[in-house]
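Per-chain numbering from 1; labels A, B and C assigned in written order.
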Amino acid sequence: MGVIGALMLLLVVSVAVFAPWVAPYDPYERVQVTPEQILTPPDPQHLLGRDDAGKDVLSQLIYGSRVSLTVGFTASFMAMVIGTTVGLVAGYFGGRIGNVLMRVVDFLMVIPELPLMLVIIAVMGRGLLNIILVIGLLGWTYTARLVRSQVLSVKERQFVLRARSVGASSVRIMTRHIFPQVLPLVIAQAVLDISVAILAESTLAFLGLGDPTLVSWGNMLNFAFERGMSRRAWWFLLPPGFAIVWVSLSLVLIGNTLDEIVNPRLRTHHLFDPRRMIAPTLAVRPAQEREATEPT
Amino acid sequence: MERSNYILYKIGFAVITLLAVLLFNFVLFRILPGDPIKLIIHSPRMTREAQERIRASFGLDKPVWFDVQRLERGDVLGAFDTQFTAYLLNLLRGDLGISFATRGGVADLLKQRVWRTVILVFLGDVIAIMAGMAIGLIGAWRRGTRLDAGILLLALFTWALPTFFMGIILVLLLGRGRLPIGGMVTPGLRPADGLTYWIDVGKHLVMPTIAMAIVYTGEYILIMRSGVMEVLAEDYILTAKAKGLSTLRILRDHALKNAMLPMVTMIALTFGYTVGGAIQVETVFSWPGLGRLMYESIQKRDYPVLQGTFLLLAASVIIANLLADILYSVLDPRVKVE
Amino acid sequence: MSILDVRDLSVDYLTEDGVALHAVENLSLRVERGCSLGLVGESGCGKTTVMMGLLRLLPEEGRIVNGQVLFDGKDLLQRSEAEMRKVRWREISMVFQGAMNALNPVRTIESQIVEALLLHHIVNDGQAARRRAGELLELVGIPATRGSQYPHQYSGGMRQRAVIAMALACNPRVLIADEPTTALDVMIQAQILELLERLQADLNLALVLVTHDLGMVAEMCADVLVMYGGVAAEYASSDVIFNNPQHPYTQRLLQAFPDLEEPGSTLASIPGTPPRLDDLPPGCRFEPRCQCEWREAICAHRPPPLVEIEPGHRVACHWAARMV
């Protein structure tokens, strides 16, 4: 499954990178349109029809990928850095620092994310940077928890004790010895975090708090919802959403597969079908042969 | 003894979190640059009386935290006559301010809308939990089969789907059918109309609830499935088999209760996420609850309402988490304070 | 007729690539009513596999490819799964290795014993079941009032005893104890062994003791089956095994255990490691480690059959058979 996800993601990334060449029109260009040219269904010149301002939906879809991917990777990276640092410190030093840090993590985890993000952006103002900051600053908690529990188990292992006895400094131990052990898990989580970030950005944009200067899928859905619903403009409503699902799903598939590699789980449990346990050669014999032969 | 310690600890934590949220709320809207309240005060939409009322109840002419000058003069009590104190006192009185848009009390507005969100979230979540648990259990039991792979894929797909988009799809797909897709009641009906009214509300509730349920079922399937898989590999399941129990009885009497533990924790943890989903669903379906209110207040720049709604939503999630923690301590005999 | 008569049991484990690892081959053993059999061998020699196999509790990769398991004359391998469920616990019960984790952590000890009682209709009413559970706990030295507690509130030794109590709930005719005392301290070990001995005598219980500890076997068992690499090496009464061991492996095993009567003798260890299941020697499985002076070419080429060299004493060794 992970491979499919990777391919899916590759498609989107290429589209994003090569957007100017792939897209038929430039969505940032001003267009003069007549009323009949608004919200038109697909036609040969506009494969996905036109939006509420008369612009080509397909081009916007293509350019929108840039925003989503940028926000996704940046916010996730931020969350990864913060989360890993907090987790390493909390896990390695333990004690009061560890406790305080974990309480902060618990605190952030309890507060509902979307309302908090809405409120912060509403006050701070719309903008790409704000969105990335908000998502990144709220999304590091899972990673922190994960890293901390991993550090706790790695901390007592031989090679760490050896490093300490040799007199290595804490920072050195954390970065050179513990961090590499923790990295695979962090990466698996980071991939999932990217999809969470993309979903968060699109939700914020849909609810009206996206960056108004950019073409993003969330923004498209915002306009589509507000102005396209009455005309059931499916060409405007569905593609951005499906694009979001496409990217999200690709990341989730990759992340899920990575998670299985990094965290190998048992393949089987005790409640399987017992019929295969006895080889067919030993199959149930007819009734008269059931009783044993005479004892030796 | 262990359990009551645990519960007290959790209550304490909830209280502290709540206080932190209150503090945060205050800080966000007063201290940050571009103080929105001052901006609104000078908006031409506000009448003189409303401006004075707001100024008074917010105490915008007073110091923010602590009046040092009055303290120096020996007026200890008066030193607390600040914006922050006013804020806290107002909260205790149940006064959440005045809406910029409606000029009515925020608290009243919230009171009116609360139950609508509660019922939507409750119904949607309960359906999602039950479906998620059942499907997740089956997936884990039939681990490795194509059925399980299908279930996993389905769950991952719904997880990757933005909640609001699910709503949009439902609206487009089923919009022309028998079930209404917007609002809470058909215009013209009133509570006084009795059963007709309630049935109409019920009909309007169906679509948003389905949207909520579908999105969250995926999440719960994933949680239950991994929880059950772990449980079914445990030694006590083998013992149960050796005792001669049938598979179904083992699932029911041994696996279920153990799998419920991580499930309860995760339901609590994702409750904040569920509330976020409610905001989206209410927006798409124009269901007039707290979520929709939040959306509208953002659009209208109605900061008191935004603040009040956030406070209420955050408080509910904190309390829900506390209840879940208590429930967990009842289910798991091993709990103790770390 | 023996209560349990296993004939030529062979168990394979299938790997992911479909390769069949022969974990146990043609293993035969007999347990007489009220008697005890010790099943001895290194970790990985297949002793647990044999026991799980006869109860048909192998893991998903396990396959029983040959043999008969005659319980009171009837072949268990021919039974349907539903019929097996009536035999399990009621007639043959088991105390697993690492029994401390065998209990469900979110249910009381009592409820887990009651479950067995009600399932097999030993008792039919809840209250009577709880009373009987209390009696069983007292039998193993746990106060009945502690039945309403949870496994985490018991010490390791207590949990072990509770599991034994649970295993006896349905008055089985055979009790299989797989390493019942590993990870327990010596005092508790002694207590548990004493308990098992007493129960065996009082309840006329047939006991199969699976262990790598020869000392335990010497104390507790009438007969001993020594296994190596998935096959039987030597099978005789405990007297004979300890005083006249004929298989080189048995001899080395005995040398590896301290003997109180000869405090000055050196403890010998057996160099080498047990055979890998995917790389089994074509001949005698012990041959690569056998330091017997009489080792011959045949040892490496043909697996030695289990031969009765004297009445009641079977050995699987070319050399030992030759001496008859």
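Throughout what follows, contacts are C-beta pairs under 8 Å (C-beta built on N, C-alpha and C of every residue); 3 or more make two chains touch, one makes a residue touch a chain.
Predicted model only: the values in this text are computed from it and were never measured.
A centroid comparison over C-alpha atoms places C as the chain most distant from chain B. Chain nearest the geometric middle of the protein is A, using mean C-alpha positions.
Taking each chain's centre as the average of its CA atoms, chain A and chain C sit 50 Å apart. Chain C has its Cα centroid 56 Å from the Cα centroid of chain B.
Our note on geometry: chain A versus chain B, Cα centroid distance of 22 Å, whole angstroms.
For chain C, the set of residues that touch two or more other chains is empty.
Counting only residues that touch two or more partner chains, chain A has 268, 270. Within chain B, the positions touching two or more other chains are listed as 238, 241. Listing the residues of chain B that touch chain A in their complex gives 13, 16-17, 20-21, 28-29, 32, 34, 36, 140-141, 143-144, 153, 156-157, 159-165, 168-169, 171-172, 175, 226, 229-230, 232-233, 237-238, 241, 247, 250-251, 255, 269, 271-273, 275-276, 279-280, 283-284, 294-295, 298-299, 301, 303, 306-307, 309-310, 313-314, 317-318, 321. Those residues of chain C that touch chain A in the complex are listed here as 1-2, 5, 12, 56, 58-68, 70, 73-75, 77-78, 80-81. Put simply, chain B touches chain C in their complex at residues 234-236, 238-246, 253-254, 257-258, 261, 331-334.
Within the complex formed with chain B, the residues of chain A that make contact are 1, 103, 106-107, 109-116, 118-120, 122-125, 195, 199, 202-203, 206-209, 221, 225, 229, 232, 234, 237-238, 241, 244-245, 248-249, 251-253, 256, 265-271. The touching residues of chain A, counted against chain C in their complex, run 268, 270, 272, 274-279, 281-282, 284-285, 290-292, 295.
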